[in-house]
Structure formats: C-alpha cells, structure tokens
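Labels A, B, C and D are assigned to the chains in the order they are written; within every chain, residues are numbered from 1.
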C-alpha cells in the first residue's frame, strides 16, 4: 500500500522501517529533520511536509503527545486538510481519550476514516515488529488497516468501533505497569531496610508468584541505586497517568492508585529532573524511607525491556 | 521423623496429610476438635493437648494469626514449656515480624530451635504439596527442617538466619498480591464505565503484558458482579496488610499503597461483611464509581487459584 | 470610574451592584441574557456585546472557568481586541495559573494592563461587599484598580506584581477549605459509628480548638444526612482542586491530600450527580463506612455561609 | 478530696500542681523518680509506690501511652489491686479505645469506678489549668470527679456513660490537628515554590478565612526551615494517628486522610529521627517538592501553642 508515516522517534523509526521492509511504499515525515537516513537507505521516500505524506491510502502517526498530534492533524496543511476522502488515519500515539474522540468526529466530517491503533512495547520490540497492537474503529477501516498493523505487531486485539477505546486500553495498560513499579518499590523498600538482599528478594518473587518479564525486568532496575537507562522517559509516563486520571474524571471513576502514581511522578521530577526512566518512581519508597538512591547520572545507550 | 502438627485449618490439613503420606510419624492437634478424621484415616495420631504433640524432634504450626500462635506457644502447657531442648518449632503461620522475633528469642532462651517457614499458595496447592516455602533460621535448624519443608512445598527459598525475614517476605508477597487486585480493579472500573467488555479487557491483558496466573485468576474474579467464593477470607488479607504496615512502621518505611489497600479492606468489611474473599477489594473501584457490584452471596465450595 | 462588568452569576451580580451603588458608571454584560433586571433598576447600563463594555478605563470579569474567560478575552470582538491601551482588565474569576500567565502576556502585548483580583466569600458576602480580595499585578495597575476593589471587598491583600500569584493563593484557599471538609468528614464518620451524636461532637470542636466559622458552618452541613443546599456547586469545587493539582504539577509540588480530595469529588459526582454542594465530599467517609447518607434531594434557596 | 496522681510528665506536673493549689490532698507518684521537687514545695505528698497513691477517693493518671497505663493499672500492686471499692480512676492519658473499654470492664469487675477524662491543650495550658476536658463515664462517677476536672480545665464537655467515647473524641481532635498540618503544608509548599513569601501567605490566611490559633501558631512553625521546638513529640503524634486508625478499623470506618498522615509520620521519623515536634510533618510537602528543609537541630525550651 502507498502510505505515509509521521513521527520518527524511537518507536516510530522501527515501525516505519518494518513497513518499508514489508514492501509498502512509505513516505516518511518528521517535524524535526535529520532522522530519516536509515529509512531512506531501506527505500523509504522522505516527505518535506505533512501534506506530502497524505497522498496515499493511509497515513500512520506515532507522536509524543496530544499537542503534537493536534498540530499535525488540525494545523494548516495538516492531515485533516490533506488526506483524501476514504483514506485512513491510523493513530498509534498515546493520546487522551478526549482527543481521540475529537479525531473521530473530525475525520468523519471530512469524509476520512480513522483507526486508533495503539501499541504496547519498547523501542527494541517495535524494531522487531513484535508490538502488541490495540485497534478500534469502524469495521471496514480496521480491516483495511490490518495488513499494516500485522507488520508492526505480532498480535492485534480489537476493541470495537469506537476508536478512543483503544486509547483507553493503552492508558490502562501503562497505569498497570506503573502500579507494578510502585508495589514492587514499596515491597523492596520494606525488605531492604530489614537487611534482606534486594536481588535475592526479586529472584524469589520472579521465580514464584510473579514469574513475568514485567516484574523481572523492571524489578531489576528498581533494586539498583543508580538511575536506570532511560527507556521511556518519566515525563511521558507522567503524561499517561495524567491522561488515565483525566479519563477517570470524565467517566466518573475514582482512581486512588493512579493518584498515588501521579504524586510519585511529581516527586521524581521535582527531585531528579526530567531525564529519568519512568520506572524510577519505584525507588521513591526507599528515598522516603531515608535510604539514599538515585544520586548518579543514568546510564546511556539502548537496552531491552518487556 | 517423629513430629507434631498444630493447626488443621484449610491449609494445615493438606500440609499435615502430606507429611503423613511421606512416612513421617505425625501427631496432630487442633484447638477446635473434630477436624482430624481424614488425617487419622491416613495414619496420623491425634493428640489431645499441645504438650502431647511436642514430644518429637519438631513441631510445625499453621495458625490463623498472632493471637493463636501466642496462645499455643506461650500458654500454660504450650510449646515453649513442652518442646524438648534441641527440638525445632517450625512456624508456617503468617504472623507479625515482631512476634517472630519474640519467638526466636524465647525458643533460644529455652534451648529450643526455631525456623520460620512461611508458605505461598492456596489450600488446593497445599493439598498437592506444591507450596512455595520461604525459610529462615539458624543454618542447622533450617537444614534439619528441610526434609519436612520439601514435603509440603515444591521449592524452598532461604533468607538467612534471622527467622522473621521469612515472615517479612511472606507479608511482602501478600502485599504485592493485594496490589494487583487494586490496580486491576481500577483499570477494570475505568474500561467498564467506558463500555468495554471486562472479560475482553482481561483476556487482552493476560495474553500480552500480564500473562500470569495471578492476573488471570484473580482478574477473573474481579470482573464479576457476584462475590467470589471465599478462598482466602478478607479479614485475613486485611490482617496481612496491617502486619506489613506495622513492619513498615518499625522499619520506618512509608508505604502509601499499603495504606490504600488498608482502607479498601475497611471499606469492604464495612459494606459487605467478613465473609468475602480478599480479592473483593478489587471491586471497590467500580463501587465507588457508582456501578452496582457485590449484592449477592458468595458461591460456596472449593476452587482453585494461583 | 467608567467601567465594564462581565459575568452576572451569583457572585458577579452582587459585585456589580455594589460598584453601581458606589457611584461608578457600570456597563454590564452577561453571555446568557436576562440577568440584568435588578442591575438596570440600580442604574447600570446593559451592554449587548463584550466590545460595548470595554469602552471605559477598566473591565472586570467574574466568570465560571478558564473556558469562559478565554472565550470572552480571546474571542473575536473580545476584551483583548476591544479594551483601550492603558485600560485595566481586572479578572476575579477562579482560573488556572497558566491562563492567568497567558492573560498577563497577552494584555501586555496589547498595551493593556491586567490585574488578577480573586475573591473569597460566598454570594451573600459578595452582595454585602465584604469579600476578601487577593490582588496581584503591576503596582500602578493595582493602585488604579484599588477603588473598585475596595467596593467589592472589605479587605484587599496584595501578592506582588505577578498576577497569577493571586490565582494561586485563591486556589490554595479553596484547597484548604475542601481539606476541612475531608478531615471533618472522617472524624465525624468515626465518632458517628461509635454512637456519638454528631452535632454534640461538632459543638464540642467548634467551642474548643476549632472555633471558626469554616468549621462551624460547613460542619453543620456535613453532619446532616440530607444534601446541603447548593451554595458552591461540586463541579466548581472539583475544578478548583484540579487547578491546584495542575499548579502543583507545573511547580513540581506533590500534593497527596489534593489528590485525595480529587478522588472524593469524582466519587461524589459518580454517585450523587452534579447538583450537590461541594461540602458534600465531607459525607463520603460515612458512605464508605456503610452508613446511608445523601439519598434525598438538596434543599433550594439562598443560604449564608462563611 | 484525698487523691492520688500518677504521671508527672510535662502535662501531668501542671495538672497535679493545680490540684494541690486548689486545696486537695494530693499524693503524687512517677515511675521515674526525681520529678517531684516543685510539687512537694507546693504541698504535695510523694508516694513511693502506686499502691500508696491509691488510698483516697480518686486516682488520676496522665501517662504516655497504652503500655504505661497497662503497667500502672494491671501490674502487680497496680491501681486495680490497690484502689478501694467505689473510688474513681480518672484516666486522662491519650490511650486506645480498646484499652479504655478494657479499663471500664476491669474496674467494674473490681467494684471501682472509672472515668475517662481526656484533655486538649499543651503543657503551658495545663499549667494554667485551662485545658479543655472531655469526660465520659457513669453519671455518678463523672459528677464526683467534676470538682477535680474543674480544677485542671476551664471547660468540661460530657460524652455520655461509655468512657471510651472520651478517648475517641480526643483521638479525633488530634487527627483534626494533624490534618491542619498536612493541608497547610501542601498549600505552603505550593505557594512557596511559586515564589510567594510564606509568612505573607500565612498572614493572609489567618486574617481571612482561617483566623484561628491552630492555623496561626502551627502555621508559624511550618513555614520555617529550621525544626520547631518540640512541644508534642512526633512519636506521640504518630501514636495518636495509629490509634485513630485502629479505632476506624474496629468501627469499620475507612480514613484515607488518617492513612496519609500515618505515612507522613513514618517519613518524618525515617528522615529526621524521633526528636521532632509533630507539626514537622507539615514540612514534608516542601521536602518532597525538592526544597531543603529541616536540616538543623530543633530549638530547645518551652514555648506556647494553642
């Protein structure tokens, strides 16, 4: 299929590369230039405007937040203005339920189709095309988008025809991950102050009741004093918790654990700055308990998680 | 080995039965009579006093809480008075860190040995002898207790020579389980009020990032409106969270998520009574969000979990 | 002074009336027509557009939320477009710190002056001209606005030249009030379930350590089963807590009590709907404790508080 | 009246002195000797055992916690053993509801009378005989104790014939005070990080909506960086919050704000040690927000509060 791809951050690059390798004609675009070298080498065309990547049957977006998506969609010469009638906007960004609902309305009014296809997984998983995809939208649109989703992910789960449900499921998943950081963090702080070796405790947990990569891999970060390499930045994790809370506000669902995670992110950002992995909130229980953690700088470079 | 076993509740019965089947000479005792029929049929002797079961090389206790253990150990004609010098008290009950420390001191003063060997698993797992055992105590005592622990569990993890560490690890594990109920409960409330099918959401989670029996089995209880069968009673789960918080008080570890779970248990007991499974706290997010849950009576009968 | 006044809700009506009575030439405007009768009778002129009320030396706005203020200021033919250079926009609405900062920038760019003059007090206090006023802005602007502020309030406190500080102080004050509802609510639930008469308990508190109208008047609402008359609607109180949390996010200040209040408002709105006084969050502790509260409809009519 | 007085800490000394000055024949006793000099000078007799102070018509106790009271009452040669039938034990200590209920039962079984007469106020207020007294117990016992209560306090409020209600009311009052520390602390952290002068903010609050000594005096401590002089030690305040939570557990009342205060005390004790005033929890919001507070040692000497 002739498609466009907007958003070449750590996740988007891998997704776009897989689409190219799968034989699709992909025109890529990034607001900040200079990230397209590898993709060109693979055979991608590089567009110099949003409009230019909206000529095909679909455009996929993978951007950081609501503001970025709004800018690319609603801006002058944006997707809404440029995408042909009947073509599909596949939005993979982690955005608010409210914006997803607005995108659904706007694209419908413009005669375009819209699929929310959020993804679970870290950059290395995206590079391998093994993301978990959560898709929602009109049946025909999801069906027509399926060949593309099959390329970026190893499995697609459908949540009906209201696109924003895919966004809500994604936010809920990130909430559940952050909840693991907090619960592990408190348990680790407790046993650590009792003199138990943190790695032995984690080894015990992850070979008995919690034999799961999420607990094993994030636990391995949380038990360390030194900051983890930044796989998913704390400000983005914080944004997702805020969006989950905002969804809860609109749906009238009190989420006290989400509120606790919210405060943990504020505490982390206040004390350690922006440049931390989101799992660092799992060290704050030890910090509040008077142990010294997190002094050094985070390690650099890629790393594999979940 | 010639051993005693005190506490024939749902967990203790299975553990004692396995010890008998493994060829040990087991004298059993329960404060409330009438629970020994099956064990006698297997070949256990039935003692009519604590003193009577303290004649062998070891006595294992599996009781409901601190009060029960204190009564059996420190009471007139209790274990402390009756157990021979050098014999081992193996305590598997989920009790406080403080009581475990006190037991260690008391048994040492009496020339007896003491091993804390807490267990993870539900009654059906105990019946199969497949519990996860967490053991701590003096090296020789743990070594001598090992043949018994190997019978009741499929794996024993050691946490050094301070017995109360085994209790702290057990409390931390139950804290982590209850944390899963809360996080799942909030996420489920959120998607449920958005109209997403709860079982489809759970199926998605447990086939992607959270592919773990804990999430799958407890999630299956939490998504239901009707109360779950009581596998582990809410008052016992509440006790364990209180003990985790008490350990945090003593060690100076603030545990805000444990505090939230505490309040959930109080809310559950206030509104639904004592006779509920502890996982029912995972439905309170939906309740607070205005959905009606939990009206009916819990189902009866055994069931398999974790 | 020749001034405009926009926003004739329960608070604004009283403020505008006092300005008229004090001899100022006031042109009033409300987006929803039909609220100007009493003010005309007092001698106010009625404008039919925002532009029409921006002809004088100052325009005062008293609106429900950020959206209303944005619409009136930034909209086509809004205050920004219509207010003469050098004239003052006095904003009394409870809005976000971020919008107040944006207003400061925008008015400065347009050569206009801007004073944030938030107010504490309920409609009956506004009608008497006895509000507490919190003012911030450039010294000359605050000085020129002072005669108007002296009319609407009995006391003005200054917080320097950054207007948004007046907004932050207002949000903090409402946070403190809502905190009183929660703390009183939990204490009342505790003694109530112990069988202590709630009004005797409140009488005790407010004649000993908590001898303050805030505790006495709101306490009198919270101890009742029936919903209180709606003096300040729960959705508005909820908005203020959200704005306080948002300010905390931007300033990197974790506010766990604000987070708790947030969840209380969500619980209230989920279970009782929008049409409740904000102090009703103080009854949720009793609700969660299994007592039945809040079934009936709130009483109607004016009432006096704080 | 011929009475005994046990517990000559900072509060008890003042209370006993006032009883002596009022003309009662007072025999005092303290477990730790050497605190009786001033009282002897006033005319008090000094007893050398609990039994010795139990010879009169009443004995008043003012001790630090449950353990101290249990030791003095239930110990060999304790109050229960020594107090004549019909004489009154007046307990002013801040103890648990459960212990107070147990005291009521025990004294009744021994044919003695029991009044819980808890007190609100700091040592300087006790010295002036101006405490607020909260009394509960059998009508005749409270009536007979009244002349003594009138000496130690300026006002006595009655809460019926179940003594533990006086304890619950006392715990609720301390919960409300600590809630003020937290709410003030969060508001102060918020405005402080925005650059607002903390003392100007406090002055504003306490001259408008929160014109109350509790807010003014504790606020003045909380806005400072340096630790406050220790008027009421943090471990005692922590104990009272734990007792309030324990009462909530028994009565099935979820108290999330009490839970938050609990965690604040743990955080304070973990990071600053035992030797801090309980109001220091009000500085933790600033600490968590990354501001540096509390480094220095607390000032010494008496000070006046509430």
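By our rule, a residue touches a chain if its C-beta (ideal position, glycine included) is under 8 Å from a C-beta of that chain, and two chains touch if they have at least 3 such contacts.
All of these numbers come straight from a predicted model, not from anything done at the bench.
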Fraction-based call for chain C against chain A, same above half, different below: same
Whole-Å gap between the CA centroids of chain B and chain C: 52
Euclidean distance of C-alpha centroids - chain B vs chain D, Å: 38
Multi-partner residues of chain D (at least 2 other chains): 248, 252-256, 260, 266-267, 270, 288-290
Touch-based graph of the chains, sorted into line, ring, star, complete or other: complete
Touch list for chain A against partner chain D, complex: 256, 266-267, 270-271, 288-290
Residues of chain C touching chain A in the complex: 242, 245, 248-249, 252-256, 259-260, 262-264, 266-267, 269-270
In the complex with chain D, residue positions of chain C that touch it: 97, 120, 132, 134, 155, 157, 159-160, 162, 164-165, 168-169, 172-173, 175-177, 179-180, 182-184, 186-187, 189-191, 193-196, 200-201, 204-205, 207-212, 214, 244, 247-248, 251-258, 260, 285, 288-290, 306
